[in-house]
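This is the structure I want to talk about, given as structure tokens.
Note that the chains are named A, B, C and D in the order they appear, and that numbering of residues resets to 1 at the start of each chain.
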Amino acid sequence: MRYVQFMKHPLFSRFARISVIAGLALGGVGLLLFTLGISPVDIGVTLARGSILSLQKFGHVLTIWIPLLLCSCGLLFTFRAGLWNIGIEGQVVFGAIAATLLLREENLGLPAAATLILAHILSFIGGGLWAAFAGFLKNRGGVNEIFGGLGLNFVAQGLILWLILGPWKRAGVASMSGTEMFARELWLSTPPGWRLAPAALVIACIAFAATAVLLGATRFGLQIRATGINPTAARLFGIHPGRTGLLAMAIGGGLAGLAGGLQVSCVYHRLLPSISSGYGYLALLVVMLAHYRLRPVPAICLFFACLAAGSIQLPIVLKLDSSLAGVIQGACVVSALLVHGLQKRQRGEL
Amino acid sequence: MIELANISKNFGKVQALQGVSLSAEAGSIHGIVGENGAGKSTLMKILTGFTSRSGGEILCRGKKISLDRPSDAMRFGIGMLYQEPLDFPQLSVLENFMAGEAAFAPGQARADLARLAAAFGFVFHPDNRVETLTVGERQQLELLRLIHGGARLLILDEPTTGISERQQEQLFAALRRLKADGAAILLVSHKLEEIDSLCDTVTVLRHGRVAAAMRCPFDRQALLQAMFDSLPERLSPPQTATGKEPVVEFDRVVVTVGRAGLHEATITVRTGEVVGLAGMDGSGQAVFLKIAGGFLPPESGQIRRFGRTLPNGCGCSRDVAFLPADRLAEGLLPGMTLREHHILAARGHIFLSAATGLAGSRRAIDDFNIKGHPETTAEELSGGNQQRLLLSLIPDEVRLILMENPTRGLDVQSADWTWQQLHRRKAEDGAIIFASPDLEEIMAQATRVVVFYDGRIILDTPTAATDYHEISRAITGEAGTTGPSDEVGRSGLLPD
Amino acid sequence: MDPATFLAALVAMAAPLVLAALGETLTEKAGVVNLSLDGTILLGAMTGFVVASVTQSLLLGFLAAGLTGCLVAALVAVIGVWLGQSQVAVGFALTFLCRDLAYFLGNPYARQQGPQLATLPVPLLADLPFFGTVFFTHSFIVYLSFLATPCCIYFLYHTRHGLTLRAAGENPEGCWARGIDPNTVRFLATLAGGAMAGLAGAAFSLAVKPGWGHPQGCEGIGWIALALVIFGSWHPLRVAAGAYFFGLLQLLGIAFQDSFPGIPGQIFQVAPFPLMIFTLILIHLSRNTKNRYFAGFVRLFGSPPPRGLGRPYRRP
Amino acid sequence: NPLNTVAADYPFGLLMVGPANDHGWSQAHFEAGQAMEKILPGAKMLYIDKVNPADRPGITIPMLVDDLVGKGAKLIIGNSDDMKDGIREAAAMHPEVQFIHISGDDALTGKSGANLSNLMGRMEYGKMMAGFTAAMTSTTGKIGYLGPLINAETRRLAAAAYLGARHAWVNVLKKPAAELQFKVNWIGFWFNIPGVTSDPSLVTGSLFDSDYDVVISGIDTTEALVVAGQKKKAGKEVWAIPYDYQGACAVAPEACLGVPYFNWIPGYTKMIGEAMNNKWQQQFLWLGPDWQAINNPDTTSIGFMPGNAMGDPQKKALADFQQALAKGLNLFSGPLNFQDGSTFLKAGETATDAQVWNLPQLLEGIEGASK
């Protein structure tokens, strides 16, 4: 418990905390690997090689970073409003479904570009509605957003299974491997040699900027924060806590839905059961690790994306299971919680 | 029997108790009185080990004992009836009765409960859930539990707030009986007639210190003196012309929340009035203010504000301001800076920059000399400055100001200054309604005094027409003038 | 198929779910939400299988699994109860940490032959006409699941410690005032719940779906268990009933695959969740309703959560 | 002959849909790949397993192909029908690299460029033997088929198994065809994905519980045999026939009637060997068994390995059946009706390869969804 005294130190800065958390998590995992007779160094090198040390691989990292960032932004809205939007996974799925609704139509009579734009707007709306539903259940039905969201996640999963095996299945085929591929022109275009659609990258960056502005530099953002901090007091400032929370949910869900839309339009080009790739849940870990603050989010998303992308190399190069990436991610969050808790003790809040 | 030797306790920066000593004798009832926040409950909780103490010792029959947790207290036969019932609403009466006991014998416990209940004249259905009981019954149950647990020192923290006359009789009978059996009893109360009728000795706390200790019979005057700050001679209330048109009208308003709720409150406040609500904590003033502010829908009855009937739900309308008592918990947004508070309070400002609202909050900081800068967060402010911040957030167009303890934690001159501000604020066509435990303040600032007791308006008169003693008597429940409230309502309009 | 074998299959497949859900019920009754159930079960399944196949001892396998569950629960309790962090947050993070840890550590043993729990029919009872097949021709873990429900009920509602546990979940302050440290109670309850979840994991990897792999096949069960605790509104009997009901749904889903080609059988796997939400809404409405009959009716199959659920206690 | 020409160092990539040690489809490919390193000097295998969206979220075939190519792979094998679109896309991205897509038919339909060939084994024969053995063993006359997802390939194989069973039932055991029940239960994918597919263990279990005493597995993993083993231990007379991998019976030998398996060595040797010697041409290979030595690893592309649980009479009958097949017995010959009653083959007709390959429906007499 050396770091406890360390934390007592008045000069215990944010940077110090970050290094403690990282040290705790990576140290723990490293120790584990060491006891298993695996060299943590090899792992590190392999992960780095597989993620950032080649331009092409970095493209793959970005394809993970984009939806992760979108979901995290969505979560920032809901967490600011004091809501634990565990339903984000379902919101991603719903966005994907909404986008597919449009993209799988052959004869829509619209130019491809218009279809794509519409599809992504639709995905935003789809995710938003699904989230708003959870918010509605909370306001009107007294269903805690955690259980409500969790439930709706699985409902969305059921829906997507039904669509893929039912109405949207390939001709003569009933397979969980997904719907028919979309027409080529309905893929978000990727320049030759690229492995990700620049448009998606732009969307993600815009979304992050928008989140930063909305939450940090508008009256609305302030109202969301007020609702999250103290609903009772918020009413004194003329804020409707219920409504504001609902709105925050809708926006958060919308961003998640957008992530889902991009998953179909530029990663898989079809709808499949695991379309969300678990990014919603992963984003929850990201935002927890960021301690619900905005600024660290892109970096943490990048870190997690690197782990996810690099971990593919583990089985190829070291014959190890890729799930090590998840172990590291989880360990980071748990140790972050531990450190924050210990600090709370130090401050005598417990 | 049990002795407390200069106990002190602080919650963070709040010094709740300082060097308090008192002792409880077997076979006697010892009263503890004091205004709200004096430290009564805290002291008692320390005696049961519920709250940890920052300093001081506890002695049993002369020798020091280590008493750090309720289990210790129980070993010494100390049992407490807490101010806010600490029972298990969703569990059955019997389970509540048994919880915490060393042995588990439902049959036995059922029998004991029946026996004790009979002995004290209480009635229980052991299998009902406790949440279906009244506050009084819950206290009775707790009492029986404590007795069953073999408590020789019983502590009761305001046991009679929000229970019926009958239950009160029953309770007192029980207490006398226990006293006769040689138990020691500590009774915290705000109601002096209870103290009179029950206690052998009484200790008065003020601001966490012992202000006085007396044996019965008590000199009521001295007691009041000790409880509240020095008795003021009549100040002449500010002369404000009372307009005619109503600002707030209550018509037979009933709610059952809070310690005492509100029973059939009927009252009309007119423009130009400054109404002071007096009464012990939880007698109904707070509920009254919340309803007037529109934050609490009445269960029956009607409220009109500026002649318009209130819509339910969020009462936030820009011509009413509400300053709650617990500033940090109900009024301010901890973690947000003064600037952000002012932005939220003001109109406009869709997009914000680091400069937005800076000028505004700077001005407010100067005007209300808040000890802080625009980027200070609310919880960093001291109690007094938090109050200043709240005042500075009141929009200009406000016509009705509702306040709980407006100058709590303010030193004298800043209190005066605050009141100047408030009177200036109150437009000609507006009104102020405030609750305060500080009679001095009410006498000095209000044009009209309304005293609450057990959720009823027990006294309603122009300040000019009453005096300090009538009010303090009314506060402790003995009112000569409990006229029908509508007539009282009229009396509020008498020109003075 | 004849009802006896059908029911026998049902109770066998529901066994681990019953254990996990009851464990979580204990935890939540004490006021702690252990969201890490899904990960705990997987980690338990992995340790159970690995230990059992290395030591060739099923007993050690189950013990190890239970212990693993305890350890995870201990983390939840330390961070969520004693360090006052959000129980949801820590539980959630642990869910994923444990899942991936299980896959990573278990990888070398994936799809290897391991010991399996043999069925041991109860000597005489097994020959009973109908009940024999349904109840007395199973492995010990299934018998354990039979015993678990009555034991839970007895413990919670007929013992002193059960009362204390509920008290701690209901109102920790009151618990403290009665001389019991609620945090200790909560800590122990969390450990107990975790242990049962761990056992449930081993029940999968050593009996119901013998073997370890990625996927093992018990993924998602933890979430189901969490949903069932709410669906059963924190009463062991209703929770267990919910678990069997869920098993029934799944078997029917398979049985009717041909009857409704439109509906994929696996849809039935998500059925508990809408039901859970529905239960919560009913309870909410019954709370706010003036209609006492409706409220009373709802009370039959739904009661509100423990008052102190998820609220950390700190001494003033 | 490509075998005796020593080529330079030749890395090739193998993308497996399941785990390399699944005792099924993927392991068969994996071991064939390892064999290549011995048979074709210089050949070196790079592999990635669990290549499916559930196990590797966010990872697509083109990404992995990029990676393998980056590691120098000159030829890449995609071993699952699930990879069809991905491989097609990757092949378009990397015209300089050769691709083998197992079980697909892009090379026939011309949906892809010249750098993509298809390889498959004539598993119908294996499934016929499986069905035959099942029917010869079954005491209840109820045979269950644990199907993966539904497509032309899986319909083809289920139908083949049925034809084998019916042959045994009617022509060998001389029982009325009506008494034979053959039911297909589809789980939705090639292996269990919890929460996405139906649970194969449960499906098999419910088949056994409703008196289907033999279950033929059509999925890549061994759940069916595992469950059969459990039931056997519990004293039930049931059997299972796994799929894909020669050693699959090892999971529960006492309940295993035998396993029809793929042996990818001949196919790989031909295609990779040609590629190594720059003799690559796009082709669609559908290789059958070596009727002389049906379990000869060097020559046969599909085989049938009898299991411990197969009785001697059944063994003998199976041998005769294999002889007959070798002599040209074709069970895909009329009169045959589709499940919906429409004619597939009139009396005297025999099905063409194309007809068998793209079987549009299950056959009359099979229970279970066709689409």
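The rule we apply is simple: contacts are C-beta pairs under 8 Å (C-beta built on N, C-alpha and C of every residue); 3 or more make two chains touch, one makes a residue touch a chain.
Model, not experiment: these values are computed from the prediction.
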*Would you mind telling me which chain pair, C-D or A-C, is linked by more contacting C-beta pairs?*
A-C
_Whole-Å separation of chain centres (CA-atom averages), chain C against chain D_ = 39
*Let me have the rounded angstrom distance from the C-alpha centre of chain B over to the C-alpha centre of chain D, please.*
79
_Length of the line joining the C-alpha centres of chain A and chain C, rounded to whole Å_ = 28
_Distance from chain C to chain B - Cα centre to Cα centre, in angstrom_ = 45
*Out of chain B, which residues touch more than one other chain, so two or more?*
none
*Note the residues in chain C that touch 2 or more other chains, in rising order.*
214, 264, 266, 269-270
_If a residue has to touch 2 or more other chains to count, which residues of chain D qualify?_
50, 54, 186, 188, 193, 195-197, 369
_With touch defined as at the top, which chains are paired up in contact here?_
A-B, A-C, A-D, B-C, C-D
*chain C residues touching chain A - in the complex, by the definition given at the top*: 75, 79, 82-86, 88-90, 92-94, 96-101, 103-105, 107, 214, 223, 226-227, 230, 262-264, 266-267, 269-270, 273-274, 276-277, 280-281, 283-285, 287-288, 314
*Going by the contact rule at the top, pick out the chain B residues touching chain A in the complex.*
12, 295, 314-316, 318, 322, 324, 329-336, 340, 343-345, 349-353
*Which residues of chain A touch chain D in their complex?*
50, 54, 56-57, 60, 63-64, 67, 157, 161, 165, 172-178, 181, 195, 267-270, 272-275, 277-279, 308, 312-313, 315-316, 322
_chain C contact footprint on chain D (complex, rising order)_ = 19, 21-23, 50, 54-55, 185-186, 188, 192-199, 201-203, 205-206, 209-211, 226, 230, 233-234, 250-251, 367-369
_Residue numbers of chain C touching chain B in their complex, please._
158-160, 163-164, 166-167, 170-171, 173-181, 303-304, 306-307, 315-316
